[in-house]
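Submitted below is the structure of interest, expressed as structure tokens.
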């Protein structure tokens, strides 16, 4: 008769059974080397989402017409990246098994490795569209293989050459860029050639992983490693719109760190991007 | 099979049916004249509660042994204090009808008027123990009768003389103190004579309303109207412990304003006091 | 011999009698549904204005050559939007009666309804140029007619169809956009077609209402409802310059919320826009 | 007919002519060696003063019954401490000449030297009651004679031995304490022996200079050099009450730095202490 | 001829060879479950230390008369608590081998396990004086043995029963308190019986580990898990003074998290306590 | 054997002897009239520099291949701008005498006068490229000749007409712009005509002085006087790249005020610009 307190992303009002998309949070930042705090990212997105509308004037679509379930945050093992990744992979696998699209809210970028592991089993020909300020292609970072700074290298080990398509990259060490030339497609600084990439991807299953620090820190200060010279909100939005025709099977948003988001603007940005991404693929 | 995201105060894991106590939030601050923001108080308490333990070394009791249900925040009508108060009163009445103890998280102090209205119908001989920095005894505030600064005056209109017992009061205009002398019991600055008050109250039904700004702003900066010279955490805790023998039928905590709580300390204080108050009366 | 402490917007040094323009603050935010605080906006603008120059290199004009009086903030009735609006309307009416141009500093956007009421009596053919992120065209918001989210709908009731010209709108629910198509002119996202609008307006009396959240949150984080994808400072400045030929009879700036402006940048932006707007029409 | 925006400390509503006390601000912090910002202290006190009541339940007195004029902040020469001090001295002298009590709001503590210079001319037998965390007895600080860290040494040069009575001192270099033993009375850490001091001072003219950092940083974080182990608000209040019988001819409060007062608590404390100090001596 | 930029704790000007005490930082917080950030604690202490004096009026001693070397922060392996602990242990061992007293600045409390491992090898009869808000006696925390919440349990495994003496403990789960009764000495809430403990410890080698969250959050907000009801600065200072006669062979301060210390007060407290602790045992 | 704690800008690992470039900080803000705090700028840059990479994907160059020495911050005389300037001049002169390029981190902009004095002695035909929001061409500011607002006027007195080339200027009083027309080259708002300027400068010795407030406050909020309408990060970066062919003999970055940089984004921007500027001229 009376309900427990339920807090979901705005408009995510479906039951699990009816849902076509399932949101879950992966509050993990244990390998963050500089400024931690992304563990609170998914929670902040949910909490501030009631500051935006469910309707998008960009797409003329409304979250109220979608079927999205918000499963809340995973309770991840602490101190052991490998265990936490296993939990995320299991969650993703379960959602896929029920024929729904998994949507993950980070957490640091390393969580995408777990989602990729689950996806690759289901979709062996998976390709990854990767939006980020950082290349994340190191083989190890200070000796560690499981680090946010190595996540795309680890994913490359799963999918192989020519399956990862990076845009907006403006930071990394020299070896990342050198190695990357032979193994992934890296567009530095911006979204040039995105149209060609989309065409080339055709109907392949796609995983979109969006590290929010691709945005310029002026509009997205709330992240651990701010990198000036990023893209604007309108640019990332336009880039995402370009991805609409793709066969996207899962996506994530990560690296929001609310403790550095004193004004709440970064969280509002993340909420709005999540709304737009849901609306892009909810009616496929 | 998979559950929606549920966020409750730590340890409030009971079903509504089994619960002996029911928490709800009243996110209302529309009459706040100085610095608004208490509308986010209940949400912050819930969110940060996982930073404290369920076990109290003060009372050697554990929330895990209680039966508490957290119903979340009411969605209150905006712009109309009277409508919002009606919603709160209705919620309180329903909880009372099911034989459970209502626990309200403000919001500004005006919300206590609504709870008092519901309680007085059930318990005509209700007495109120009022912890606060401010007397809240104005007849009107800038012409308004329904104001946080008038809440105890409005409650007095419900219960009459000698039924309100104030402690810790250190702010008000002269007329409040003069009027108060004839109608309520006011202990300025501290908890002197609390023991006598408890004895005098005997087995009467009691409503405990705790305006958190009774605490010194050193330990509770996160409130709209900080008043230096308040009580310490240990003093409020000891005062609450004195109330244990009373027949408490409802209580509230109010006036936490997270936007002025940059370090999170005030919210942590509120969480701990809520834990202790639950444990005080959960096993009656 | 010795003067009381007077704090005015920089360069607003005229007497009331000599003034051609009169600034006043409307510190009201009682219907704000998400994050309150705009009640402190006008005060912050005045206080931080001495961080900017009186001279504009954009217009090669100087506030020292204007005749502006700053009347300070109104002391508005609390808890009753209708009473507060009546006070604002009275103030505006008095300034108009003395043949001066009223300039209002919000507060939330609802205060513009009061100014519009006064203006429409003096100028029955008034048109409104409306810069905002939000359409503000709801008929009611959570049941309330007097809400910041309904302000342009209420103003439409005063002036009728084809008299409201909105620019920069990027948020609202679907019904607002649908309804708006038949009753107001809405330019989504940007200032396209502003030149045509200016031409069409000719010599009509114009009220310019500037909701500062039209700006991108990167440059204007200090507001209650940040909406990414807004215009830049240079874009809003250029748009305002386009309005110079118009017969502007009053204007306002609203929705600055200093508590979310930790760096002070939003307040500095508001100060600079106020300077430019004064200089645009002070020499007409 | 319409008034300019006037912002005064709450209840300071007298004309200059009728006033018995005159408040002015000395927004100066140019010699602050660690964290600057006290230049904004007086402004913040004025601005936030409307968050407190005019009535004191401690003294059962009301600012509405006093005659206080608030002259605002001096516009002090920048870059030249000596010029700024001359301006402050002149202001103090003028107020004294009109038979009114000057009340100064800092700024850093060096401003007290200027007030002392003016007072000593009028009252050659002036004694100083000095509340502070820091001894401020250095002969020079990094080579400078005019430094906040030297202010009591400079004042000693004006008044000589046994005329300065320090309380609460808990920081300084060794030479300050050694030198101080022979020239001033220093009570370390607390207010012990204050009663004896008050008795010994008899009817002498007294200047009370209150460096707010005497307070523990828990209740007064908003200052440049926080020193843990300070007195509580209730302790400073009690100490001030002890001074009531004294022939106080001027007083100041200084070292509030609003930029380190994120919650506003320090400013609220300063406002409340100013209210109490006014009420202590307004009816003499 | 020109020196590199060297930043040390104030007064730590000795060469390593001449030093009797050696400070090093252990910037580690990878097992922190709630709010991370203590990794920046040691750096902040060093940086803000020039805001305090080298002279202590409490002890009438001066850091300028000590021989302290500051080795800076260790560069700890990320992602692997065990590797990081090994590095800390090695550093401690080296300092001990050279006959100097190691002083560690955390980081989270887990770092004390590493120091204890090194100390126990050198001093098999080591006893630990533990100041903390939290018991830290869990056998595991969410399955992890190497967690800040388990640190004293791990140290107990090194030293056995009746060798750990806890004070100020006010948080933990029930099992910690139950287990603790048989294995360690726990003084809840305060420093009662500290004198007896000091007497009983006699001339044993002592490791003092100071979790700064033993302090009340009013004076120490800058920590991950604030627990109201803590000790005051004067109380912790007095407690430390009681330890002066002990044969202290090493000590640490930990759990300062600067990101939650907006005003800088917590860091100033840590600096002052470090000064006092150095002065307590520098002249032994 | 064990090293003192050394903190340098990332990658500045050379010895002084081997270095081709020498960084030093000038932590001075004593003439700042509005919001002080740039005294902490150089320290913050050093401290946060480990959040960026040593490799630049913009230039495909790496700080690890340069020879840069970081001498830390000067300890500047307080209260006397003239003395502080003399110390800075002496430092610059010494670095020049050893044939190395001096790189100064402010502090407020006045510090550039001191560097200019040293440079002009060595390079009588010095020209200055000046990036700033403010013209800084006042003859005096509130009566003071040595003020941040006069720094380019003072430098003009050293070098004469047509030797100062300003870009991005968008604030000043009218007299500055009028005077400037005859004596310096001022490009308002942007970098138009920078190419021509670079060509005209040929092989002259160049001092690049970068007031970071040339950047839009959206990306650089952390400064004392934010001026909306500034250039983007990509624009300043492109402008700096244009300067690569010049014979740059010294450069500075100034006006970062960390206390207004709550998110750390401004400091990250300063770090990245310093990296790029070093790489531009390190291999000449």
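Just so it is clear, A, B, C, D, E and F label the chains in written order, and each chain counts residues from 1 on its own.
What we mean here is this: a contact is a pair of C-beta atoms (placed from the backbone, for glycine too) under 8 Å apart; a residue touches a chain by one contact, two chains touch by 3 or more.
All values reported here derive from a predicted model rather than from experimental measurement.
Student: Suppose you list every residue number at the subunit B-subunit E interface; are over half of them used by both chains (same) or under half (different)?
Tutor: Mostly different residues: under half of the interface numbers shared.
Student: Tell me which chain's centre, taken as the mean of its C-alpha atoms, is farthest from subunit D.
Tutor: Of all the other chains, the one whose centre lies farthest from subunit D is A.
Student: Which whole number of Å gives the spacing of the CA centres of subunit A and subunit B?
Tutor: So the centroids are 41 Å from each other.
Student: What residues in subunit B touch two or more of the other chains?
Tutor: In subunit B, the residues touching two or more other chains are 35, 216, 218-219, 262.
Student: If each protein chain is taken as a node and each touching pair as an edge, is the resulting graph a line, ring, star, complete or other?
Tutor: Contact map by chain: other.
Student: Run through the chains and report each pair that touches.
Tutor: A-B, A-C, A-E, A-F, B-C, B-D, B-E, C-D, C-F, D-E, D-F, E-F
Student: If you look only at subunit F, which of its residues touch subunit C in the complex?
Tutor: So the residues of subunit F touching subunit C come out as 34-35, 169-174, 177, 188-189, 216-219, 221-222, 225-229, 260-262.
Student: Can you check the complex and tell me which residues of subunit D touch subunit C?
Tutor: 1-8, 16, 22, 43, 46-47, 69-73, 94
Student: Help me check something: in the complex, which residues belonging to subunit F touch subunit D?
Tutor: Going by the criterion above, the answer is residues 29-31, 33, 35-37, 39, 77-81, 83, 141-144, 146-147, 259.
Student: In their complex, what parts of subunit F are in touch with subunit A?
Tutor: Touch residues, subunit F against subunit A: 50-55, 57-58, 60, 62, 216, 218-219, 233-234, 237, 262-265, 268-269, 272.
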